[in-house]
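Every chain is named by a letter (A, B, C and D) in the order it is written, and numbering of its residues begins at 1.
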Amino acid sequence: MSGSELEGFTFPRSATGRSGLVPAPPWHYSGDLLTIEYRTDPEAVAELLPPPLSPSAEDPGAVAVVWADWQSCSDTFEELADPVRAQYKECFVVVRCRYRGTTYSRCVYIWVDKDFALVRGHVQGYPKKLGDIWLTRPVTVGRAGPRLEPGGRFGATCAAGGRRLIEATFKISGPSEGAGFVNALPMLHHRFFPAIEADGSDSLHEIVTMRGYDTELGPAFRGEATLQVFDSPTEELTRLAPQEMIGGYWRSVGTSWNGGETLEATPR
Amino acid sequence: MSGSELEGFTFPRSATGRSGLVPAPPWHYSGDLLTIEYRTDPEAVAELLPPPLSPSAEDPGAVAVVWADWQSCSDTFEELADPVRAQYKECFVVVRCRYRGTTYSRCVYIWVDKDFALVRGHVQGYPKKLGDIWLTRPVTVGRAGPRLEPGGRFGATCAAGGRRLIEATFKISGPSEGAGFVNALPMLHHRFFPAIEADGSDSLHEIVTMRGYDTELGPAFRGEATLQVFDSPTEELTRLAPQEMIGGYWRSVGTSWNGGETLEATPR
Amino acid sequence: MSGSELEGFTFPRSATGRSGLVPAPPWHYSGDLLTIEYRTDPEAVAELLPPPLSPSAEDPGAVAVVWADWQSCSDTFEELADPVRAQYKECFVVVRCRYRGTTYSRCVYIWVDKDFALVRGHVQGYPKKLGDIWLTRPVTVGRAGPRLEPGGRFGATCAAGGRRLIEATFKISGPSEGAGFVNALPMLHHRFFPAIEADGSDSLHEIVTMRGYDTELGPAFRGEATLQVFDSPTEELTRLAPQEMIGGYWRSVGTSWNGGETLEATPR
Amino acid sequence: MSGSELEGFTFPRSATGRSGLVPAPPWHYSGDLLTIEYRTDPEAVAELLPPPLSPSAEDPGAVAVVWADWQSCSDTFEELADPVRAQYKECFVVVRCRYRGTTYSRCVYIWVDKDFALVRGHVQGYPKKLGDIWLTRPVTVGRAGPRLEPGGRFGATCAAGGRRLIEATFKISGPSEGAGFVNALPMLHHRFFPAIEADGSDSLHEIVTMRGYDTELGPAFRGEATLQVFDSPTEELTRLAPQEMIGGYWRSVGTSWNGGETLEATPR
C-alpha cells in the first residue's frame, strides 16, 4: 500500500494519468485565423521585451492581433468525438523581438475560453487568461455570413470580466500570398512560475522557443481592417493602441505541436 | 411629457425599439446541421401530441435529434459584425404529427445557448431552454477534425444544469439526396403563455405553423449514427430513448424566416 | 395511442409536466438586495410609459437600479437541494407610473443569469435578458468583504454580450427604516407576445399587476451610492443616466409569489 | 528604447505589472465552506501519494470533499468593489499523507470557476481545473433556504465539461467544535511544470507546504451527509467513491495567505 510515481503530463497527476488537464503532446490543431496587423508606438512594444530581448530593428511598432477558432486534440484523437474537449476560441496579441541575433514572434497578451487550452498555453509560455472571444464565420449557403471572396465582411471581439477589450472588423479585398509577418516567426516566450515563498523570486524562469510542424495552410485572403482597444482596470491594451493599420488576413490553418526548446533557464 | 406607444418586436420595448431582445423579422440563418434519426416507442411520441394532434400513421415512433451550429442576423445584417449577437448552437428533438389531415414536423424539446435565440424560438413555438451544445466541425486542413467525405467522424453533445443529456456520434458513409424525413415538413407548434393569475389557464394558447423561405442547401452526407440519452430530474429524454437507429445526416443550410400562420387561437 | 392534454406551467409541456422550464407557483424567494436610487431626466422615464400609463406626479425622474442575489424554489422546495436550479442573480431598472389613479412600480430593463428565472420573469411581465451580474457580499469573518455596519463598502456590476452596462458602489452609513421608494409599490407590467404572422400585431397584450406575499424583511442599511451606465448597440441605459443621486439601500428579503391580476387584455 | 525587467506576480508580466492575472500576495479570503468526510478504499488514497509521501497511518482511507463559496482580494482590496474579480466557487477533494514524519492535508482534485483563482491555485500546488460549482446558501429570511440551525438542509454539486461529477447533501444536526480533520492540517502539495521539450521531464518539480494566517472562524455546524461521485472520461472520482460516510460540517471561514515553504526542489 505505497504509492508509486504519478502519471500525467499536467496536474492533477494520478495513478493512471487519465485525470490530467492537458494530455501529453503531440497536439493537433485545425482552425480559422483572422490576423489584423497595425503599428503602435514602438516604445509600447519595447517595454514588453525584458533584456536580453530587444525590439526588432525593422518595423519595431508592428503588432498582430489574432482571433483563432480552433478544434484541437491529442494524438488519441478522442477529443474530436466529445467536442466540448476539442473546440475553443482565442484572441492574442503578438509582437516581434530580437534574441541572440534572431528575430522571433512573441505573444504578449492572450485570452482563451477553455481550461485545457489555458494551461496548455501556459506550458508553451503563452500568458493566457480566460475571455469571451467571437469571430464571424464564413458560410457557403444562406444570407447570414460572409463568403470567402472579395466583399466578405467579418467582425471579431474579445471580452473578459464582462468588459469589452478589443473589437475589430475585416473586409476581404482579394487573395493573399501570406497571412501577415508579425506572427509568422518561431515564438520566443518566457515561462516562469513564482516561488511558493512569494518573495519576489521565481522557481521557474526560462526562455523557450517553439514552432508547429506538419503545418497545412488553406488559401489566404487579405483585406482592410479596423481595430479598437478599450480600457480595463486589469489590462493595458490601450498602451498598444493602433497608430496606423497595416491590414488583415483570413486563413484556415492546420498544425501540430510536439515540444519546443529551452534557450535559457535561470537557476533557482 | 406623456409617453406614446413603445417600439420593438419583443421586450423590452422602448421609445426607439433598440433595446428589444429580438429584432423584427425577417431573420436570416446560415449553419451546419447534424440530424440523427431513430425509432422510439410510438407511445412516447403520442403522449407529446395533445388533441387535436395525432401521431403520424406511418413510422409513428420516428424521432430526429438535430444539432445546429448557426450564424443568424436580422435584415440589417449588423449582428454579423458583432458575432456574439449572431452565433449560437442548439440541439432539438423533433417528431411528426397529424393535424387536420396534414402531417407536420414538431419540436418537442430544445436547448440553445444564447438569449436572443431562446426568446426568438419562443415566438415560433419552440420550447427552448438554455443548454451547452457541442458539435464537431468539419475541417479542410490539419488533423484536428473530420473531412466531409466517407470516414469523417463527428461527435455531438447537449448538457443543461451541469448534466449531460444527450450524446451522439456520426460517421459519414457517403453523399445523400436529403437530410432525413422527420424534420423535413412545415412545423406545427403550440404557443402558450400562462395567465398571470396562475390559475391553470393560459392567456395565450395557439396552434401555429411556419416554414423558412429562400432555403439554400449545401451538399448532404449520410452515415451511421449512435445516440444516448441520460436522465435528469428536469428532463424526460429517457422516455424517448432510441429502440432502433435510422441514420444520420450532415448538411449546411441557409434559410430565412418572416412569420408563420396561426391555425387556431383559443379565446381567453 | 392518442395524446391527452399536456401538463406543465410553461413549455416544454409533456405528459407528466416534469420537463417544464418553470414549475407552477407558488414560488419562494430569499435573497440580498442592493437598491440604488437616483433622478434622471423625467422625459427619459416618461418615454418608457405607453398610454394609458403616465408619469408619477411627484419625483417623475426617480429611478431605482436593484441588484438581487437570489435563492428561489417551487413549493416542493426540491430546487434548494440542487442549487444550480435555485440560485441566480439579477439587475433591474425600476421607475414609477400612474395607471387609473394609482401609482405603481414598473421594471423597464432587467438582466438575469439563469433560464428558469428569465422565463419566470417573462410570465410576470419582466422584460428579462441574460446578463452577468455581480454584487459584493457582506461577510462575518475575514478581511475579504464588508460587514453590515457603517463603512461597509459594496460594488455591483451588470454586463451583457461582453459589454459592461452598469457599475455602482455603495457604502453603508447607518441603519434605515426602509429600502427606497421607487421599487416599493405593486408592479405594473405589460405582458405581450408578437403574433406569429410577424405583421406588427401582438397575440397577447395585457396590463397586469402583482405583488409578493408573506414578505419577510431583514434589517435595512442606507448609504452613499454611485452609479454609471455605459453605451451598447442593444441597450439604451445612457438615456436613463443619473443626474442626481438619491442614495442606496441593502437588505435581505424573503417573499413568495402566487399570481397577479390582469387589469387589461386587448382582444386580438 | 530597450526594455527593462517586467513587473507582475504572474503572467502576463508588463512594464507596470497591472496586467498580471494574479496580483502579488498577501491574499485575503472570506467564505462559506461545506466539508463532507467519508472513508474510501485506502488503496485509492495511497495511489495518489507518490514517494516519499506515504499514507496516514490512522484512518488512511479518509477523504474530505469541500465546497467553498469565496470572496477574495489582494492587499489593495480593490477587487471587492468589482466583485467579478473577487467571487468564485470551488470544490476540492482532500486526503492526508505522511512526509518526513509529519502528517499533512493534500488536495488531489479541485474545480473552480474563475481564472484568477485557477492560476492562483496552481501557484499553491492545487491541481485546479474549471468547473461549475453550486452550494446551497443559508438564509435569514423567507422560505427559499435553510437556516443555520438543526434541520437546515443543503445541496452541493460539481460539474465539468457538461458532466455532473459530484453531488452531496448535508443536514445540520447541531453545533460542532470543529469542521473535520482531513482538511485541517497544513497542505503538502507538489508543484510541477513539464519541460517545453515534452520529453517526459519536468522543468519545475517541488514539494511545498503552506497554511493560512489570521484565520477567523465562524460558528461550526455538524450534520448528516450523503455524497455521490460519477464517471467521466477525464476524471477518476469513482476510484475514490465513499464506502462509509463520516459526516458533514458547515462553517464561515476568513483567512489570509502570504506564501509557503519549499520542502524539496528537484534540480532540472
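As a working rule, contacts are C-beta pairs under 8 Å (C-beta built on N, C-alpha and C of every residue); 3 or more make two chains touch, one makes a residue touch a chain.
Bear in mind the structure is a predicted one, so any value in this text is a computation, not a measurement.
Enquirer: Could you tell me which pair, A-B or A-C, is linked by more C-beta pairs in contact?
Expert: Answer to which pair has more contacts is A-B.
Enquirer: Would you identify the chain whose Cα-based centre sits farthest away from the centre of subunit A?
Expert: Computed centres place C farthest from subunit A.
Enquirer: Taking each chain's centre as its mean C-alpha position, how far apart are subunit A and subunit D in Å?
Expert: 29
Enquirer: Can you check how far apart subunit A and subunit B are, centre to centre, with Cα atoms defining each centre and the answer in Å?
Expert: About 34 Å, centre to centre.
Enquirer: With chain centres defined as C-alpha means, what is the inter-centre distance between subunit A and subunit C in Å?
Expert: That gives a centre separation of 40 Å.
Enquirer: For subunit B, jot down the residues that touch at least 2 other chains.
Expert: Each of 82, 84, 132, 134, 157, 159, 162 in subunit B touches at least two other chains.
Enquirer: Which residues of subunit A touch subunit C in their complex?
Expert: On the subunit A side, the touching residues are 132, 134, 157, 159, 162-164.
Enquirer: If you look only at subunit C, which of its residues touch subunit D in the complex?
Expert: Counting only subunit C, the residues touching subunit D are 28-31, 70-73, 77, 80-84, 86-87, 132, 134-137, 139-146, 153-157, 159, 167, 169, 214, 216-218, 252-256.
Enquirer: Residues of subunit D touching subunit A in their complex?
Expert: So the residues of subunit D in touch with subunit A come to 1-6, 9-16, 18-19, 21, 24-25, 42-43, 46-51, 53-55, 60, 78, 82, 84-85, 108-110, 114-115, 118-119, 122-125, 127-130, 161-162, 190-199, 203-204, 206, 208, 210, 233-236, 258-262, 265, 268.
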